[in-house]
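Both complexes below contain chain A, partnered by chain B and then by chain C.
Coming up: the complex of A and B.
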């Protein structure tokens, strides 16, 4: 579903991402772990074609994202670390706005509100202007937008940052549900606990390199933290 | 993608922005004021013009009462003939130079060149600022609203952090951006069209080609500013950078460049002829007092051989000789006067050429041409006064240039002046074209920059 082949991004000779090779199949939830500046966000930005790779290829459903940016974006949904929305519109209208852009015009009001239920946002809030929302509420609208897009792959850049533990937990459940429906997920995160809970695989990144990948079912929470710290150590 | 819903929400979001509705309301109210202001300025002129025939009659009666005895022809020396430059029905939209140039002149049958350039007493500060008419509103203030609404089309999304989410959608960001910019522009264009509609109803403008031209030229001008904003947007800089650059462009195009070009025209095309006209006409006439009367009459008869039978008395004053001498002042000033006119026309020509590359001048000149309030229109009025002056002179020459006692003058039937030319400006389609070419050029340039 998502594939990186020798994917490299350099800024003035410094490699932000160094020859990443990665394949994420449908139903897989791949969590990228690593310190700030390890190359997690760069990886996601490359898949979104926000930046051009220095060399190598990022593919979505077998299509090169640089040559077919619009077609590949049809299949993915993106949740940034800080979901920012149109302040003068309500949550519901923002959802409609981005759904309209994504080409989904068939949603009824009830269906749209259904997405808010799924992400745990109160219906009253859906009718309020986003200008009055907390960060967590905006994050939930961002998740609802991704759900409504019915994407086959999700690109998540620390999506739960700023969510309370309960909301975070609900989000993990949601990811599991989506993964069981065949959605492939690439998630950058700092949350080891969450990665172990909702991920099927985790990858450790450091200085733009993917150091190691592990299957979460084969390790315990304590192991994950130990391995993470080992890799982060100089 | 679902365009109708997207456009609807986009428009809703934009209109709910701070100051947007207020801005639109203010510019609409300013439009109403501009219409009324233009209407008042022109109505005041029309009032004077309408009162002219009665004023002429009262003046004639007064002069006859004072000067008709013993010689009724004595009256002619004091008698003013009133001429007026009637405004076109579109003049209230663009008062143009009708405030600087006189719209009425009274002339006597003395040397004409000394009488053509009189003007009314008016407040120079008011003249310097110009009139707050629709043309001013369009040329100066509408661009500011376009700048205010569109300068941050891209940058506000980037600064608020919405842009990445938009870019992750399967629609080209360029396309979304273009739609957003157009959508911000549309309410402004709509308010402008509404203002034109109000002007049409309020001023009861005749619905002809001119209304179409006004609509076209103004929309093309507004589009030009959208293109400028779009061009600045293509630098992908911050909202502050965009706003400041656009204000710089606005200041350059509305104030600095027109002022600079005005100075340039005055420097490269000076009119020393204006002074020459004054000197020549004065000397041309006054010299005649020192010359033998026969010589003066000889020159006069070259121009008007039909009166050659007249013999001016050499021993005493005669009106026939006096007006012939007056006319020679005009004859002597004819060449410099023609050169002055040609020079003014050359200035106009150059200004029109420069207008192709300076949209603000372009729009203003086009408005003035449609409203017929340009310098050309004033020159045409002066030409009509010249013709009328000759008509009056020729009306009285048979009485003045006769050897026997002249027949009684029929004071009830005197020549009357009328000048009102209602035509549509021929340069307007080219003006529209030049604005569109500039707009498209900027858009393509912006595209090439990405």
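Coming up: the complex of A and C.
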């Protein structure tokens, strides 16, 4: 579903991402862990074709993202750390607008509200303008937009930032459900606990290199933290 | 979280071939972009102020008799309904349209839109159409009629 082949990105000679090889199959939830500047966001931006790779290729469903930028974007949904929305429109109108532009203009009002139920956004809030929302509420709208897109792959960059523990737990459950439906997920996160909870594999990055990948079912919470700290040590 | 309507998509999703990507025709998309642009403009506090000012000037201009009240300033343009519509209305459109892209870029929503896989051409056409909704055909006739009457 998502594939990186020797993917490299250098900024003025400094390698932000160094020969990444990664393959994420449908139903997999791959969590990228690593300190700030380890190359997690760079990886996601390369898949989204926001930046050009210095060398190597990023593929979505076997299609190169640089040669087929529009086609590949239709297969994926992205949730950034800061979801940006139209302040003058309500949450519902934002969801409706973004879904329609993504090619889903068939949703009824009840269906759209159903997405908000799934992400735990109150119905009263859905009718208010986004300008009055808290960060967590905007994040929920972002998740609903991604859900409504019915994408086959999700790219998540710290999606739970700003969410309260309950909402963040609900998000983990949602990820599990999506993965059981065959959605491939690539998530950059700092949250070791969430990575263990919702991820099927974790990858640890440092200085642009993928140091190691582990299956979450084979390790415990304590092990994950220990291994993470070992890798982050200079 | 998933008790009532929660799981509906997940259920619906099974009937759907995962490779189908719906893409509405370009024209629908442009209309959608245009409609949203229009809604946003209407809700924007600034546009309401500008509209109020223009309407006030328009009302004033209807009371105004050019010949009786003429001053040397008449060379800068007469305060007639026609002038209002000809000069200020386009200004209003510029005022509301200038940040069509810059505003989205600054707000971060431009990236969000491009991420969806829509092309920049569609986006531009939609925005242009949204702004042009403010210039319906009617005012031109109004300009002509009102201009001749007063």
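Here are some notes:
Just so we're on the same page, the second predicted complex is superposed on the first by the 234 of 234 C-alpha atoms of A that agree within 3 Å, B and C clash if a C-alpha of one lies under 4 Å from a C-alpha of the other, contacts with A are read in each partner's own complex, and residues count from 1 in each chain.
By definition in this document, a contact is a pair of C-beta atoms (placed from the backbone, for glycine too) under 8 Å apart; a residue touches a chain by one contact, two chains touch by 3 or more.
What you see is a predicted model, and the numbers here were worked out from it, not measured in a lab.
When both complexes are superposed on chain A, chain B and chain C occupy overlapping space and clash. After overlaying the two complexes on the shared chain, residue contacts for A:78 are found with chain B and with chain C alike.
Of the two partner chains, chain C is the only one that A:152 touches; chain B does not reach it. Taking chain A as the reference, the larger set of touched residues comes from C, when chain B and chain C are compared.
When the two structures are aligned on the shared chain, A:14 is found in touch with neither chain B nor chain C. Within the superposed three-chain model, A:88 lies in touch with chain B and with chain C [touch as defined at top].
With both structures placed on the common chain, the touch criterion links A:134 to neither chain B nor chain C. Within the superposed three-chain model, A:213 lies out of touch with both chain B and chain C [touch as defined at top]. Legend: residue contacts after superposition of the two complexes on their common chain; A:122 is shown touching neither chain B nor chain C. By the document's definition of touching, both partners, chain B and chain C, reach A:105. Note on the chain A alignment: of 78-86, 186-194, 258-266 or 402-410, the part of chain B that runs into chain C is 186-194.
Residues common to the contacts of chain A with chain B and with chain C across the two structures: 48, 50, 70-71, 73-74, 78, 82-89, 93, 97-98, 100-105. Across the complex, chain C meets chain A through its residues 1-2, 4-10, 13-14, 16, 18, 21-24, 28-29, 32-33, 36, 39-40, 43-44, 107-109, 111-119. Taken in their complex, chain B has these residues touching chain A: 1-3, 5-6, 9-10, 12-14, 16-17, 160-162, 164-172, 176. Note for the complex: chain A touches chain C at residues 48, 50, 70-75, 78, 82-89, 93, 97-98, 100-106, 110-111, 113-115, 117-120, 147-150, 152, 170, 173-174, 177-178, 181-182.
Interface residues of chain A facing chain B in the complex, by the touch rule stated above, are 48, 50, 70-71, 73-74, 76-78, 80, 82-89, 93, 96-105, 142, 145, 155.
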